[in-house]
Structure formats: C-alpha cells, structure tokens
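Here chain A shows up in two complexes: once beside chain B, once beside chain C.
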Partner chain A sequence: MGERVSERIDLRGFLTAYLAEADEHLAAANDRALSIDASLKGGAANPRAVRDLFRIVHTIKGLSAMVAVEPIVVVAHRLESILRAADRGASPLTPPAVEVIFEALRAIEQRLRALEKGAEVPAAAQSLIARLDEHARPTPLPSAPAEATLDLPPAVLSKLAAFECEQLVHGAADGRRAVSAEFVPSPRKAAEGLTINSVRERVGSLAEIVKVIPVAIAPSEAAPGGLSFLFLLLTSADDVEIAAAAGCDPGAVRPLVAPPGAVAPVAGGGEERRGDGGEERPPSDGDALDPEVPEAHARSVLRVDVGRVDEAMDRLSALIVTRSRLARAVSALDASSAVVRELSIIVQENARQLRDLRAALLRIRMVPFAEVLSRLPLILHHVRRTSGKEVRLETYAAEAELDKAVAERVFPALVHLVRNAIDHGMGTPEERAREGKPPEGTVRILCSARSNRHLAIQVNDDGRGIDRQVLARAIGGEVPANDAALLEVLCRPGLSTRAQATLTSGRGMGMDIVRKIVVDQLGGDLSVHSSPGEGTTFTLHIPLTVSILDAFTVQCGEQRFAIPVSIVEEIVEIDPRAVVRGPGRGGAEGTALIERRGETIPLVDLARVLDGAAAPRREALQALVVRRGAEPVAFGLERVLAQQETVVRPLVDPLVQVPGIAGSTDLGDGRPTLVLDLVVMVAALGRTLRGERAA
Partner chain B sequence: MSDLIVADKGAADPKSELYVVFKVGDAEYALPADSVLQMESFTGATRVPGASPFVAGIIQIRGRVVPVLDLRLRFGLPPIPPTLDTRVVVGQHADRAVALLADSAREVLKIAPAQVKPPPRLLDDAASGFVKAVAQIGGRVVMIIDFGKVIGEEPLDVVQR
Partner chain C sequence: MPAVLVVDDSKVMREMIGACIRPIERLSIAQASSGLEAIEQLSLGRFDLLVLDLNMPDIGGLEVVEFVRGQDKLRSLPILIVTTRGDESSRAAVMAAGATRFLAKPFTPDTMLGEVNRLLEGAGALG
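On to the complex of A and B.
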C-alpha cells in the first residue's frame, strides 16, 4: 500500500508542476489575445502577438500531451491551426475568430481548474470544436498585396514570414518607403559607439523596424566577424538619414518594393521554409543570432511551487515552537535562581534570528498586486461583450505586494465587484450619454498600503450609484439610512436572485460572498460609499499575510484558545458586583454591561458566543476588550494564561471553516489550538442581534 | 499500521484492488487503499465550535491539521466514547485531507471487481449516496463508501451562531 500511495503522490507532484506551467502560459496567451483584440479594434493586425500566441498555444499543447490531458490537446491543436494560418498570412484573424480564440482559451482554463480539483476533465464542447475548425480553414489571401513584390535575395526572403512581407508591402502602399539598410559590425565601429544595439535604437527612431536579419558574409577587413545585419524598414526618412543612423554608406540603403509585376512572389519564401504544415515546429523567431528575443529579463525569476515554501514555513514553525519551550525552560531555571544571564541573551538573539528568517520566508510568498490585477482585463472583456457596455479599467497597484494565499482569495472578490460595477452600476453608452457622462464608463482599482500589514483596495465606478429606494422595495424593507446600512442590505444572502429581476440600478450579486471572503476568510474589512448619479466605491482592507502572530492563550471552559494580541485593546479584571445587566426580553437574559474609563461596554461570555446556550454558566474573571469600528465588546473568560508567538495556519477545509475562527496553531503540545478572531465575532454578533431585532 | 491484517482472498484476480476496511457500529465499510493517507489511534481532537455536529474537531497529523469527521454521527448512529480500538482513517480527496473516525480499522482486503456490486436502491436512498458499491466477500458484506460525498464535496453551509 505504501508504494501505491507514493506513486499517486508522484503523479500529483507532476500535475502540480504542469498546472503551474500551463497557468503561466495561459495567462500569457490571454494577454496576447487581448492585445490582438485591441489592435483589431483599432483596425490593425498585430503580427507579433499572433506569433507569440501561436508559440504559447503550441507549448500548452505539448505540455498537455505529456500529461495526457486529451481534452486540452484537442482544443489547443485546433487553436494552433487557426493561429498558424494567421501567422502565415493565409487567413488573417477576424473579430469572430478572436472571439473563438477567447472561448477556446477559456475552455482550456476550465479544464485546468477541473484537473486541479482532481475532477474528471470534460471533453471539449462539440460546438466549440466545430467553430474552431471553421476558422482554421484558410480563406484565400486578399489579392491586393500580391500586386507588389519585395526585391530581396531568396535567401533573405526565406527568412521573412508572410505577415512581415505583407507589412512591408502594405507600408509601402500607404506612402512610406520600404527599404533595407545593412549594418556590418566591426571593432572600429564599436569604438565609435556603433554596435547592433545602438544602431537598432538609432534606426528605430527614424523608421519602423520590421525585421533585422543576420546575414553571413565573407570575412574581410571591414567585416572581421563575417557577419552583417540587414534592417528591413518602413520609413519616411531619406536614404542619407537612414545611412547615417545605420552607420553605412547611403548606397547600402536600398528600396525593397519593386514596381508591380516584378520578381518574387510575396508569401513564397516563408511558406517554403516552413514546409507543408504537417509537422508543426513552433516558429522560432529566426536564428540564434536574432537580436530580438527579449528573454533575458525573465531569468532572475524563480518559479517555485508554493508547497515547497509552505514546507519551509512548517519547519520554521516547529523551530519556533521549540524556541518557546527553550524560553520556558530558561525562565524555569531563572525562577530556581540559577544564573541564566548568558543563556537569556542567546535565547533573545535566537528569537530575533527566527523573526528575520520568518520575514524572509514570508517575502518569498509575496506576489505583486499588479500581477493579481493583470488577470482582470480578460474578465472585463467578457463582461463588455455580454453586456454591450463600454468600460475602461484603470488600475493603480503601485508596488504593493501581498501573500500568495491572500492574493488567491481576494481575486474572486475583485472579480465580483468589477462585474457588479458593470452589470448593475453602469449604463449603456446611450444611457450614459443621457446622463451627461462619457459613453465609456470607468472602473478604477486603487490600491494603497495602509500600514506594513494591511492593504486598502478601492473598487470605484462612475456609474449611477445604488438606488436605495429601489433596493428597499426589492427587499421589502426600509430605505438604508447610511452606507453601513446599505452594505448590510447588499450583503444579504440571496439578494442576487431577486435583485436581478427587479433592480436595474442597484447591485447585490454575490455581495455576501465578497463579504465572506474579505471579512471571514481574510479577517479584513469591507465598506461601501455610494452617491446617486456619481458612482459607487467599495473599499476592502485586507491583511497582507496570513502568518505568525503574537497571541494571548486563554482558558475558556474546557478549552484553550489563542487570540491575536494586536486586536485586544485591553485585558480587564471583572468584579462580578460591578456587572450591570440590561433589560431582557421574552425570558432571555439581558446584556451584561461593564464600565471602563467612562465607557459602557457590553460583556459577553466567550463560551456562550462559541457554544450558544449549551455552554455551562461560569463567572467570567477576566475579559478581553475588542473594538470593531467604534463598537467595543468585552469577551469574558476564565483567565489569560500567557502571551506567546504562534504560527497560525488557516483552516482551509470547508468542514471547519467557521466565522471568527482564524486558524489553528500548535502551542507546543502537538495538538491544534484554535485561533479566534474576536473582531469577526463582534461583527457576527452584531449581525445576529440585528437579525433578531428584524425578526 | 503494523496491526493490520492483510487478507488475500481476492488475490487470484490480477485486477483486484486493495481496500482499507473499518467498522462503524455493526457494519463494515471500505475505502480504496490508494485514497488512504494514514491510519492512527484516536487520542482526542480539538473541538471546533460552530462546525457541523458530525465534525469531531481537528487533529494534527505529521504537521498537517485535518478535520475529523465522526462516522457514527455522519451515519446517524448514537455517539460512543472512544475506546482503544477507535481509529482515525485519513483519506485524501482532490486537495482535501479529512480524517474519518471509525470504531475500529484493522484490515486491508484485496477485492476483485467481480465481487463489487452497485448498492441496492433502497440502501442508497437511506444512505444519502454515502455508499458507492457493495462488496460480497465470503459471507461478509462490505460497503465501499463514496469518500467525496461523505466529507461533502461542496463547501458546507457554515453553521450560523
């Protein structure tokens, strides 16, 4: 049995690597598809993005074939055919084709998610396959470009892809000149500052560089390397200017487009070199010499499975637990009046080192917030298409980074908010015109570090704002008096279904889920501000990491709990004679109140909050005062045992996800101890109380 | 797991698969061995207030924190205090690891496909789909459970306080 298990784990490990890699390629693919879409809307082709996308899809296909995920291979293969045809200029991409590409990429994504969940990977929809096949069929080349031809030696022509030939011919037809200029590098020129890179830059400022082709020539005194670079350009500058920039004689600048009807056919060379398409090597961007391959910047980035970082974190947790045992042993020694000064210094030093190590490990898990946001434009694209609304997304992420685990959780919440902003908050271009607004709406995502532990994210739209009257009618309740009340209404579970039918200007879809993520899962805060006619802003405050913290350990009934020190305002001793009880209703006991520094604070029994009326009544001896917003609550318990560093691990399994339970920690006894987030509990208490009042 | 008895009854058929067999009440249940990560004696769990009643709590196994699901309560039997025989069987489903609390677990059986039958319809209704198949081994009836259903594939609604 042991063997079988390890076999399975190996496969999972392999799949994890596959998924990580496929996800990365898919993100790049979506990015390219978006630029193709954008270029197409501007009426231009984007040959480089098409070629990139072709190459990426080819890679995805290859990877998927290796792990035998046939449904993805099937889709990727067809996608590749469309892109190959487009890359060769045989069948330029049309807007419907781009839509099919998006759909295919989405289908691949869905299958990756299924695979990740360990679910069966469904076969691709026949309708999608059919449409992919339809677009993969090459349409005949428009005849116009064939009129003109490029005056280049066949060896050079063979290095050009069809789209590049086309680009040159079209550019020439549009009134620019298509020329070639040759740069021959030599030590003498390098001494004058003329290298391939500097020449590229200088020529690039005068002309559009369609391609640079390295050409082997006979070594000579002028060309000791036996190498020259042929620049194929579209330009409005004259030969002398180009020659000066390229560091060559004006005679070395030659026109490329000959009068119609002359020499070689346009798309011929590229086709010939690539064979018949039966075997699809991905197009390498020319040769090893091609100076254009921009790969260098990616090299310093290490892609690591999060599991490995977590493993290191777990080891560190064990170390921290050992350290607190050591510290306890030292204080025991100290209590027995042994001389422990030296030992104490070492233990302190050790604590500092562990803190640094922990910080370093946590930094590994941090991802740029900009990267999280980079997945949004794709979603926007779909929403735009289905809603017929014109929307622009502006994101301001600055340098903010957050923990991978937090990023993954917060992303769906952002998607919800952006979708809602467009679906419910934003009018169609015509409606907006009537409101005196630009036809294109704007959704802004601003992100700022609130402290070194928290991030504030604002999702803002310039739509109509939330109509409180309509909302009130939809729920059959009172008109929310302020933004806080508005949020309560928006976050009612189930608002969505009714809302969609009756609310045209409100929003509510999935807001309960957004709040669950932000407040319950991440321990953050959610607020809303909406003004009629001006738009709506949601603000999320989220912690950057879910990590190690200083915690009080407390005894409450039979159980011990850990409570983050940072959220506790004060520990107060309870004098039972000073506890005042408010009026109760229907036989229920009233709320207990205590006085602290002129402020009246409700005192709730932590055991009762956790276990309801089933908890045996105990006299609270101490209480922790916690504040949520302006609202303080004292949680009564038996006693606070100690304060220590704990490693919090979130409870991820749905069986044990309970609001107010932030995770679990090991206090050194090898058993999990629950970490309570009393702030979330205050929120939950508030909701329960309000709910009872409403009922 | 050294106290496990590996029976060899289905060994003749090369397509036989290994199952971990455990008892809940008077009935015997089985889980494919390749979805079982581990088995341990039960020394108590940390209660999670607010979780479903059939969640006994959380335990830490090899540094991993997993929820413990009390099969007696899940299958509608009255709870009993743990004994020396009580075992947790830690199973893996997709990326979740969940420990099942069983009255005892001491056997790994090889079961041939021919011995496995779909569950009788009436049983299936009563067991809310927890039983995926029934294996007849000699005179014994062993119910192969659907681990995903038992642990709830969909996220459960959080119990409101």
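On to the complex of A and C.
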C-alpha cells in the first residue's frame, strides 16, 4: 500500500486543546520557578526543579511551534537556553536570572491569553529577549560531583545524574531510607490495572521516587516481557508497604545506603507473611499485593469546553420555557373544571426535576476556590520584589467551589486587594519592627460558603490599617465616620490619582474597579473594616454562579436591552415603504407585515410590546427575526448597537420569572439592563398575530 | 495490521501525531505518555514502529532508544524521533544510539504521514 492522498489536516484545529494543555504546563512551570526561587533564598540549588522546568519549557516550545505561535516559541527557546545551562551545571541560576525566568513565563502567559481572545499574539519585548540572552551565556563554575556511596551495580549507577545520587545519599542521611524496589510488568498484571503508570502512582504516595530505571531481564513466565522496572526511592514507609505498592515481594525491596554500623534492614515481616500464606496461596505474580492496601486514588477528571456546558444550559432553558407553557395549559384545564389533580402533581414533579438538572449542570462549571487562589503566590512574588516588603500569604479555601465564570471575574479583584494590602497597608520590615510587629506581614484570604448560593471571601492584612485622617486630607473632604463611609471614599474613581502623591507610592488603588466587579458585574457586595494599627479586612460576598451570554445590545426608544444572540435568526433592515398593513379588526389598525424570502413575517414594535400603547410610535429601522417553532416574528427597534458577552443575573427563580425577561445585566455603565427572551414573547404574541394573519 | 506506538508526554502532541497518520489504512495507533510506559508497552506488545518524543518527565527519549536497542526482540524496530529546535545535541546522541529517523517540530501533517509510511513500508508492515 502506498501513500494515500490525505485530507488536509490543519493542526491549528488543535488550538483549544493546545491552550488548555499550555495552561497546565505554565502552571507547573510557575510552580517549579517558585520552588527554585525559594531554594535559592535558602542558599541551595534545586537541580530537580531546574530539570523539570527545563523540560516543561521545552514542551511548551515544541507544542507552540506545532500550532505556529511563534512569539511563544521565541521566548521559550531563550528561556530553555538559560535552563539548559543551569541543568548541565554550566551556569547555576542566580536570583536575577530567576527574575528573568518569571518575567518570561509571564510573557508566555500574556501571549496565551491574547491567543485565547483571538487577538494578534504580539512579539516579545526586545528588552526581555535581550535579558534572556544575557543570562543564557554560560558562566562556568567548577562543579563538585557528589561522591556516591550507593549500593548499586555500575550499569544502574551510570543511569543516574549526579544530583540524583546526591539526593539519595542526602535523603538517607536526613532520616528517610533510600531503597530500591522492583516492578515486573506482565499482561496479567496489566489486566488487573497494575501497570508502570499505576504502580508509579501507588509507590509515589508512599515514597519520593528519585528515579525509575528499566532493566532487561531474562524472559520467564513471570516476566514475559523480559523487563523489570527498578524504583529508586526515599521513604519512611516499611518494606512490606513498599512491596505491596510496587506489586513485588518484600524481599525485593533493598536498602541502597547501609546505615553506618548497622545491618541492612530486614524485610519487616516479609518472611513470616510468606510462611503464613504459602500453603493456601502459591506465590504468583499479583500475590504480593496486599488486598487491604487501597487502590491509588484514580483521578477521574473530564476536560470539557465551557461552550458545551453552556449549550446544555441553553437546551435546559428551552425545556423550562416548555414547562411553563405546560403549567399554563394545566391551569387553563383546571379553570374549565377538568380534573387535573394527577397532571398537576406530575407538572410539579417535573419542575423539581428541572431544578435539580439545572443545579447539576451548574455544578459542572464549578472550580475549586483553592485552584483560583493557587495563582496568587506568583503575583505575591512580584509584589514582594517590587515593594521590598516581607509578606506571607495564608489561604483558607477549604472545599469551597464557584462557577468558572465567577472565578475568572473575581480573581482580578482579589489581586487588587492583595496588592493594596501590601502596597498601602503594610510597612517595610523596619517600620513593622517599630510598630512592634513581626517583620514579616501576613495577608490572609479566608473563604467560606455563606449559603448554597453565596460565598464569603475575606482579604485581611495585619498592616497599619487605613488612616482616615490622611485619606480625608487627600480627598479634601470629611473624615469618614464609619466603615461604610470609608468604603465610599475608597471606591471613588478619582482616588487613586488624586491621592497618589500623598497617600500612596506607586500603583493606584483601583478600589472602584474592585467594587465594580463585585457589585455591578457579579451582583455581590463589598464591605471593609479597618482598625488603626491592626489592619484591614475586605469582605466580598459573591454569588456562586452567573450565566454568561453572548448578546446583542439594542436601542429601543429611550432604553437599551440585551438579547441573546442564540435566539436571533437574522437582523434585517426595514424599508418603511415595503411594510404592508394586514387587515385590522373592529376598525383597529392591522399588524404590520414584511416580506423576507417569500415569507410574510409580522413586524411588531418592540417598544410597544414592552410599554404597551404608551410608547411613542416611531419607525423601526432594523428588526430582529425570531422564530418559535415555525412562527417567525420580526421585532422592530431603532438599531442594534453591539454584540458582547454579558453576565446575566437572574431576577428571580428561573421557574417563576416574568415571561420574556431572562434577567438583567450590566453592560459596563453601571446601569442594569434587561435581558429579553424574545422567543417567549413570540409565544405570548402568537395567538393574536396568527388570528390577524389568517383574517 | 500495522501497529504504531506514539510516545509523548503531551496529550495534544500525541493527538496531533495520531491525526497526521490516521489516513494509513488499518493502522492501529497506541499511545504512551512517558518513556517508562513506552518501554512497558513495547515489552508486552507487538509494534511495527515507535514514534518517540525526546523530552519526557521520567526517562527521556535517549534512554528509551538505548533500552530498545539493547533488547533482542526490539533491535530492528524502526524508531522515528520527534525533536524540537534546540535539541540538536540530544538528537545527535539519540541517532548515535540507534534511532532510525528524526523529524523536527514543527512538521506538517504530510511530512509526518510520509515518514511513517516509508518506515512502515521499509519494515514490511504494510501488506
């Protein structure tokens, strides 16, 4: 068979998957960079983290090249050079080099975000490239390889890097044992779920895995593949536990470093156990596995495009609309004195089930709050560096979860608050010493579920507290009398600039933005409590979920409305001369009709539908065509302003909402804007229009 | 039925490679996410081609190639190495250790398909 002409495969189609995976790599990279930074501050190198980071950056580079995101390739390539030199011991990382690494990772992140938004991915700043190049130049240092005293055959030792030998020797000196264990894979074990991946996970929960080395052995019944994996470990667990996890005989767990003057540890209990069970259970492959050792917790995580969950939500909304029609039909039956008792019970049951289904769907979108907070240490790192202050971050998120859309929106607010706490609330170590406080300040983030709909987040610092006198002078107003008044002052849009000279150094406070996010966008609330000398606490109450909707914003009379894009079939321009009037009844003016592709569509004025006859008549210039079933209706309005993503806040319980009003949203001007569900309006208008058209 | 093992720690990368070579008739594509897993699958299964990334968390591509070439039953298995710009020295090492061909990222789907086709043909795996 020769080559077949393939359909063109466009690897750019993998962009969404690429973004998701790149984010994971980037999170891992930041994590390693933070470890390296912490080790350096403690005066030690962290060769394992350096190697990991090197590998991760290399992966990012390769992936980015495949989907042709050149600006990321350029940064990753430079970053990789620095890390390669460090990994080979040619040029150990210095604190300035680590800073450049952080900066490069941030540059990569910014480019991923641009890509995600569909924006042009900008080339990296020349200054960053220059500094990366500067640090990539090797400054060789004589390296002193560790004299390994490991009890391993030379063939195995040759597979270990110097730092891995050192890790085993030092780890053993620190009170843990350095041991080796064996795993011999076989189809039979694989059928029982015992593969190198699962064994590595199981062993990893008991021990630090320094290295796993594949060793060729003579094929046998127990080892049909002629392969054995040798695990080199540091552990506090005993041999029996390790053997159980590795699926090997306890006798196959061997010490690598003999404690001075001691006999090699005896395989604890291994001999006895074998003696005990020997008769009933002849030794075989999986036998050393203790059935009582629980299976390693298998993480079962599904990655789903948020769009698909939203689609399911949309379908559910349609179902809820149908249910309200059903409920109305039942009431109508009831009114005509039909016996509907059983039907009513079914309808109620159906409502409950829909509510449960909605809750279940919303849960899919939930992310652990702890995951949101895991991005903060990196930001803290930068603030610490630029401010010269010593700060510790403590987070208490417990099990709290919130909607991904809420998480994405609330995160910038948290960043603002943490930055403010450090920049403005906290003194330098010297200042703190004079205040009688420990040199290191603490920022705490506490998160607790307030109800099953709301989350309370507190951002607390042990700084100076907000000086109300200074604040009053800065704004040229009165001293705020209480915390509520204080918040009002802090959230004045102009405060950051006006007060900058006197009150703050550096970054503006941006509290107005925090309040905008929490209150206007998310429909939550924000409060502050500040005591002089003791610190400040901001409390955010936010809803756990919001709905995000792609909507047209339209101008209709004096008002603006948002209309979900998904329900609009078409936007048409209205030519007033082409509008015909249907025959009216009883002297009333008939329905306006327009023609579109051979189909006659009633044109109703949206302003009049909403306000009744009170709305002033004006000519509609554009119309949105909406169809319910086979029935199209054109809603006339002045014009469509824009299409944008909006956060919809439900007005009430979705099952008892006002027909035609899906909720409200904030379009960024601080005023609530109603979100209209025109499909429901079509249903309400349907009967009259049908009657007129037929006449 | 020709069988290929695709080894890369990146899921996206494995899927991209899979998409590139899927047009080959009756091809069975297995995946491994690490060097150790690759060695395990190679020892227990039967494959006509190994497509191997150099850069992996546990043991790298070089160690995999060294191990494979040290085993009788795998000595003639064709190995296609997938490398990235900047890998030149490790690439040289892995070719010296006995890898058959290499392909540098970024590659086009057609290049990958062509390479895999040629290697499978050379191994007599395409009936």
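Remarks
FYI, the second predicted complex is superposed on the first by the 374 of 695 C-alpha atoms of A that agree within 3 Å, B and C clash if a C-alpha of one lies under 4 Å from a C-alpha of the other, contacts with A are read in each partner's own complex, and residues count from 1 in each chain.
Just so we're on the same page, a residue touches a chain if its C-beta (ideal position, glycine included) is under 8 Å from a C-beta of that chain, and two chains touch if they have at least 3 such contacts.
Remember, it's a predicted structure, so these values are computed and weren't measured experimentally.
When the shared chain is aligned, no partner comes close enough to touch A:578: not chain B, not chain C.
Once the two complexes are laid over each other on the shared chain, residue contacts for A:345 go to neither chain B nor chain C. Applying the stated contact rule after C-alpha superposition, one finds that A:62 touches chain C and leaves chain B untouched. In the superposed model, A:609 makes contact with chain B only, not with chain C. In the superposed model, A:660 makes contact with chain B only, not with chain C. Once chain A of one complex is fitted onto chain A of the other, the partner contacts of A:216 are limited to chain C, with no touch recorded for chain B. Put simply, chain A uses residues 1, 4, 8 to touch chain B in one complex and chain C in the other.
Chain contact summary for the complex, chain A toward chain C: residues 1-4, 6-9, 11, 14, 17-18, 21, 52, 55, 58-59, 61-63, 65-66, 68, 73, 77, 80-81, 84, 159, 185-187, 190, 195-197, 200, 212-214, 216, 224-227, 229.
Against chain A, the residues of chain C that register as touching in their complex are 9-13, 15-16, 19-20, 23-25, 33-34, 36-37, 39-40, 43-44, 53, 55-59, 63, 67, 70-71, 73, 84-87, 105-107, 109-110, 113-114, 117, 126-127.
Chain contact summary for the complex, chain A toward chain B: residues 1, 4-5, 8, 116-119, 314, 317-318, 520, 559, 609-612, 649, 651, 653-661, 664, 666, 670-674, 684, 688.
By the touch rule above, chain B contacts chain A in their complex via residues 18, 33-34, 36-37, 44, 46-52, 55, 58-60, 63, 65-67, 69, 93-98, 108, 151-152, 154-156, 158-161.
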